[in-house]
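Per-chain residue numbering starts at 1, and chain names A, B, C, D, E and F are given in the order in which the chains are listed.
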Amino acid sequence: MLLHLCTWAEVEARLEKSRGIIIPIGSTEQHGPNGLIGTDAICAEVFAKAVGEAADALVAPTIAVGMAQHHLGFSGSMTLRPSTLIAVIRDMVQSLRVHGFERFFFLNGHGGNVATVTAAFSEIYAEASLQPGLPNTPGLRCTLQNWYDAGAARQLSRELYGAQEGSHATPSEVSVTFHAYPEAIKQAVLDPPVAPSGRFTDAADYRRRFPDGRIGSNPGLASAADGKRIMDAVVPELASAYRAFVAAP
Amino acid sequence: MLLHLCTWAEVEARLEKSRGIIIPIGSTEQHGPNGLIGTDAICAEVFAKAVGEAADALVAPTIAVGMAQHHLGFSGSMTLRPSTLIAVIRDMVQSLRVHGFERFFFLNGHGGNVATVTAAFSEIYAEASLQPGLPNTPGLRCTLQNWYDAGAARQLSRELYGAQEGSHATPSEVSVTFHAYPEAIKQAVLDPPVAPSGRFTDAADYRRRFPDGRIGSNPGLASAADGKRIMDAVVPELASAYRAFVAAP
Amino acid sequence: MLLHLCTWAEVEARLEKSRGIIIPIGSTEQHGPNGLIGTDAICAEVFAKAVGEAADALVAPTIAVGMAQHHLGFSGSMTLRPSTLIAVIRDMVQSLRVHGFERFFFLNGHGGNVATVTAAFSEIYAEASLQPGLPNTPGLRCTLQNWYDAGAARQLSRELYGAQEGSHATPSEVSVTFHAYPEAIKQAVLDPPVAPSGRFTDAADYRRRFPDGRIGSNPGLASAADGKRIMDAVVPELASAYRAFVAAP
Amino acid sequence: MLLHLCTWAEVEARLEKSRGIIIPIGSTEQHGPNGLIGTDAICAEVFAKAVGEAADALVAPTIAVGMAQHHLGFSGSMTLRPSTLIAVIRDMVQSLRVHGFERFFFLNGHGGNVATVTAAFSEIYAEASLQPGLPNTPGLRCTLQNWYDAGAARQLSRELYGAQEGSHATPSEVSVTFHAYPEAIKQAVLDPPVAPSGRFTDAADYRRRFPDGRIGSNPGLASAADGKRIMDAVVPELASAYRAFVAAP
Amino acid sequence: MLLHLCTWAEVEARLEKSRGIIIPIGSTEQHGPNGLIGTDAICAEVFAKAVGEAADALVAPTIAVGMAQHHLGFSGSMTLRPSTLIAVIRDMVQSLRVHGFERFFFLNGHGGNVATVTAAFSEIYAEASLQPGLPNTPGLRCTLQNWYDAGAARQLSRELYGAQEGSHATPSEVSVTFHAYPEAIKQAVLDPPVAPSGRFTDAADYRRRFPDGRIGSNPGLASAADGKRIMDAVVPELASAYRAFVAAP
Amino acid sequence: MLLHLCTWAEVEARLEKSRGIIIPIGSTEQHGPNGLIGTDAICAEVFAKAVGEAADALVAPTIAVGMAQHHLGFSGSMTLRPSTLIAVIRDMVQSLRVHGFERFFFLNGHGGNVATVTAAFSEIYAEASLQPGLPNTPGLRCTLQNWYDAGAARQLSRELYGAQEGSHATPSEVSVTFHAYPEAIKQAVLDPPVAPSGRFTDAADYRRRFPDGRIGSNPGLASAADGKRIMDAVVPELASAYRAFVAAP
């Protein structure tokens, strides 16, 4: 159930039954010649929605702009500084805690968010840990789940794309967005078909190394049909992960 | 055109023609017994999308969580602290400026955002103003447009609801969301039909004064049909406002 | 009564009778060819003093530097960044709250402060609202009153100056400062007599649009005598507003 | 000359002749049974004004609230957190630097400000020092001068009050305020006549150790006549210090 | 070579030859019944020193307090909030960049630092990436190397301790500290010999789950001799990693 | 006793007997032609260690990078911004307070730290002072002791070096480091033998005024033997100061 489509009374009633919530987090950044700028946010959002239905869970609004400083060499990319994103996550969790939410399942679509989101959790916990007398926030627990790290996602991408999956603008994620927004399927020449791999620092460095934005991937292999297969395979696993997280003592 | 559904090359091409962008900003907060928690974000988003089409403008992802500390007494409401929201807006504008965007049209759905967003603009401008030699950021210009302050919106709400429009959880905004999400139309007893009016400070104070969350409104008058009328009346006016903003010297 | 001219024991005694305090806030910024750089702070201060006497209220020291980034193109102008001003207001209110003050009446002389001061109030309230259990700060209430928005001020300026009041370096505010500091009355050629109007962004943009600093005004009409009339007309209204604010349940 | 009583054109003209400015900084805090809450700000302000006249220097508005956390146990006292005060000083100096000011003479009336103001100077310098290529801000120089540390002030207080000068709510500073505001001269029983001495940490600790707010002083010795003597003796020395500071290569 | 034991002229001379530096980062936190509170900082420091010798690299002073909020339930543990640690790393890197250092090799001894240090790198890069015109900081490159993730470290710990290595207060790290500080070898009863495993949130939660502080480990197996073996095996690999990092184009 | 060489259980046992701790704080900055970059940190560390032994006190890890923005013109120097150092000290003190530590004795080796560390103490105290009801942190007390301000240190440096002690890169501090690290004794031509004196602002200004980094000193007089004499003379005095600080009611 999308939080945005509930009334407050409905949320209050839900809280009687469950203290968990899914918070999708993505990014707004270039995804190569045929990938959408919203790829990571779209993936996080559609997976969250589907998992919310599968696990009867509440789904918060998507954090659509994440930590993506390295993509700023490509038009349309946006970033929050890590310190800003930490503040955003802290405020969101603290807001929901007021109502009694205790289990925060961040469903993530962007590798670049992982470090900052993890640091944000520590920033939140530290407020309790630094209080004399160790008054912990009973039950407050955050977790980060990358949809593409689900076992089923890894297995299927290996099966479908092998080494051409790469690590940015992957055929997997592009497929999921094509499935979600068939009206936005793009055609583009990918040259070379498989992009170079490597590491990077800031945006200028990234653009030099990866001239069309992709890293190690061939998103020319993407299709809406694959996107559906991936979702069908991954959603049940994520729903189980969510249920286990909420049920854990 | 939604930024999220573009490739970076498409954005680059658009920048040749126009340096403007629409950034919808809403809130995630209670909207009374039959209003959706996402009301303000949904309104901002659907207006932005429609204005984007009408004015052939690019539309950034919606800032879905705004400044709504006073609503935290009602389940599901979320807030960013003003200092956090200022940082978010600064980072987003600075990101887009890297690519050459110069005109930032914030399309707002929530009165509680106005002060903080305006302060954020000053924070951004101050960076240029505090540089010796007054090196201004040529052309960088931000504006905030509340959809409900459009002349057509004020006139139509007066016509449709008169004094029962109120100021929070209004029949106008609820109508727009019912039009946008007919599957999420809610029924609720509104007692009294028109909510009390007044001012407020923090969340506890707000909840005491406005026990079901509404201020001065009777959203029992809302309907999807009204939502459509409102959108049809307001979108052209907002599109003109956007075009004028972008074209101004 | 000026807080600065009390002993702590006198303040303690006053708190037995009233939990209110007036905090004047102005700005230090150019006010055109014949207006003083201190205009906004002086107006806030002299109104606060007079209201303090009329309403037997305590008056805190004036916040003399406000949010005025757009004026930095003119010598002598100063600004606090919005984030800094928010911290200042938060610290001042929290300090006074320790002693039992609960009603904070910010008497403002500068339009550029409004958004940031309003955001600061939300930052203060948010600390209470984000605490689980909604432990509100009982009675803590902040309000912002622009002296020039008092009904009597608007009426008199219309009567005295009509459309030549303008919006920055207005004859009204200049008159008040000439009344307060007759030794500092300035003569200057105003060319054109009525300044251009419009909007602005950063300091360089402002200077380009408004070459002598004024916006839409003709402060050549200002006089000390008018200043006295304005004060006589406005102070009682502000004193009533203060009393009502403090007495409200 | 008070900056507040100048027009921007007058400031611009002054900058042709001198790049210096005096910034008075005080505090708003208890000063014992017969001392004014504004003592430190008043002293800073009246000394600054007099030095401004003696040295033909521009005087910025007074920073009236300083770092005084330890006084919050006494009604009416206010503090800025050190981090807030650092931001205020940074913004003020950076504002004035835009116009060409280069020498910032902080005239201080409160011992509790010294560390934080000094740290603020380093925060400002650090921005230049951390730029690759060591692009220093040519000529930008800040200094802090406590009026009570002037040789003449130390000598006269020794002569007038000997060991009863103490270190907080001293007869010297109280005398200066009585001279400045004869209408605010207070009578109070001081018991014991000379207050206890010692160190302190936070506000509760301070109040326990110094029950009426004074430290080591007997402000019962204060008089307006002494205040005049002190000012007459100290102003020329401070004016010389200012001139030397501005003239230094 | 330890930076602390150089003169500035020696550093200047070194910079002619190499733009790299090793920055050890550890933590100050409980390490179970027989592990030292300084374990992570000691390991980072001794590895850094040895790698510095092996690779003729400069070694900065150790960041001894890291992100360890979860250990605050055990006496002597210290943490920096993530936001503080990000500022520390930013300031250190920016300082060294002034002199021409370009390659920053953080040699880490504490898993809890990884997310925050990685976020800090992004915070640093983001400053360049958010500048219009993409003026990157040429060559500035940061990397994080956990000594315990070196292939040789993983292999040897598996060989020596198998599953009893665990993940906190491991026999490997305790051995390294016993080798470094034989005078500080501790004896303690470990009950059970192998600690429980699992995840944790804040300090109170951690203490409940891991009553003596260890996670999954049996540091009773630790010995100074093992510590020497580990160092001998790992240092050459880390030295190679450092050399490759500095030499990379 | 070094905190780093204790187990948490040992710290817990110590806390039964004493609530005090020594925190050495130095700097990483140039110390002239023959002084080590680590001079201030080394001095703080070796004095802290010796005082810890003499007074049976616990010694925290050294804060090795302090506030040294003015030294950034010389290779190898590092600084924390004052705002960063304040956050570091706050987090360290708050961490240790969780365990019951109440007396924080900062043993300092660098004059440039004094203002910022003092401001940090006020930032910490302010959190308690700004709480309504004045709930002070009972017993939490911080002090800053510069080793070179000990009476014995001043006397011996006068005796040994007279006016050639100077104020930066002094023969006293260089001697202490030569005693601590005889393997790192440096030879350098000092020209002139006694460096110029004066004040400074940012790093470029400092480098211009003090071309080899020293201020007013002749560290050519330094020797390891002197270092031993200084330590022998000063440690007992510092140990007494520590004991008195911890024992004070």
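Methods note: a contact is a pair of C-beta atoms (placed from the backbone, for glycine too) under 8 Å apart; a residue touches a chain by one contact, two chains touch by 3 or more.
Predicted, not measured: the structure shown is a model, and the values here were computed from it.
Once chain B is fitted to chain E on CA atoms, what angle does the rotation have, in steps of 5 degrees?
120
Name the chain whose C-alpha centroid is farthest from the C-alpha centroid of chain C.
So the chain farthest away from chain C turns out to be E.
Return the distance between the CA-based centres of chain D and chain E, expressed in whole Å.
Centre-to-centre distance between chain D and chain E: 46 Å.
For chain A and chain E, let me know how many angstrom lie between their CA-based centres, rounded off.
So the centre of chain A lies 29 Å away from the centre of chain E.
Calculate how many whole Å lie between the centre of chain C and the centre of chain D, each centre taken as the average of the chain's C-alpha atoms.
So the centre of chain C lies 24 Å away from the centre of chain D.
Hey, what residues on chain A touch two or more of the other chains?
Residues 72, 79, 81, 83, 91, 95, 98, 129-130, 134, 137, 203 of chain A each touch two or more of the other chains.
Can you list every touching chain pair?
Those chain pairs satisfying the definition are A-B, A-C, A-E, A-F, B-C, B-D, B-E, C-D, C-F, D-E, D-F, E-F.
Which chain A residues qualify as touching chain C in the complex?
On the chain A side, the touching residues are 91, 94-95, 97-98, 137.
Chain E touches which residues of chain F in the complex?
2-9, 11-12, 15, 28, 30-38, 41-42, 60-62, 64-65, 72, 74-81, 83-84, 87-88, 90-92, 95-96, 98-100, 181, 183-184, 186, 188, 203, 213
Which residues of chain B touch chain C in their complex?
These residues of chain B touch chain C: 67, 69-70, 72-73, 79, 81-83, 86, 112, 114-116, 118-123, 125-126, 128-130, 134-137, 140-142, 201-205, 207.
In the complex formed with chain C, which residues of chain F make contact?
It comes out as residues 129-132, 134.
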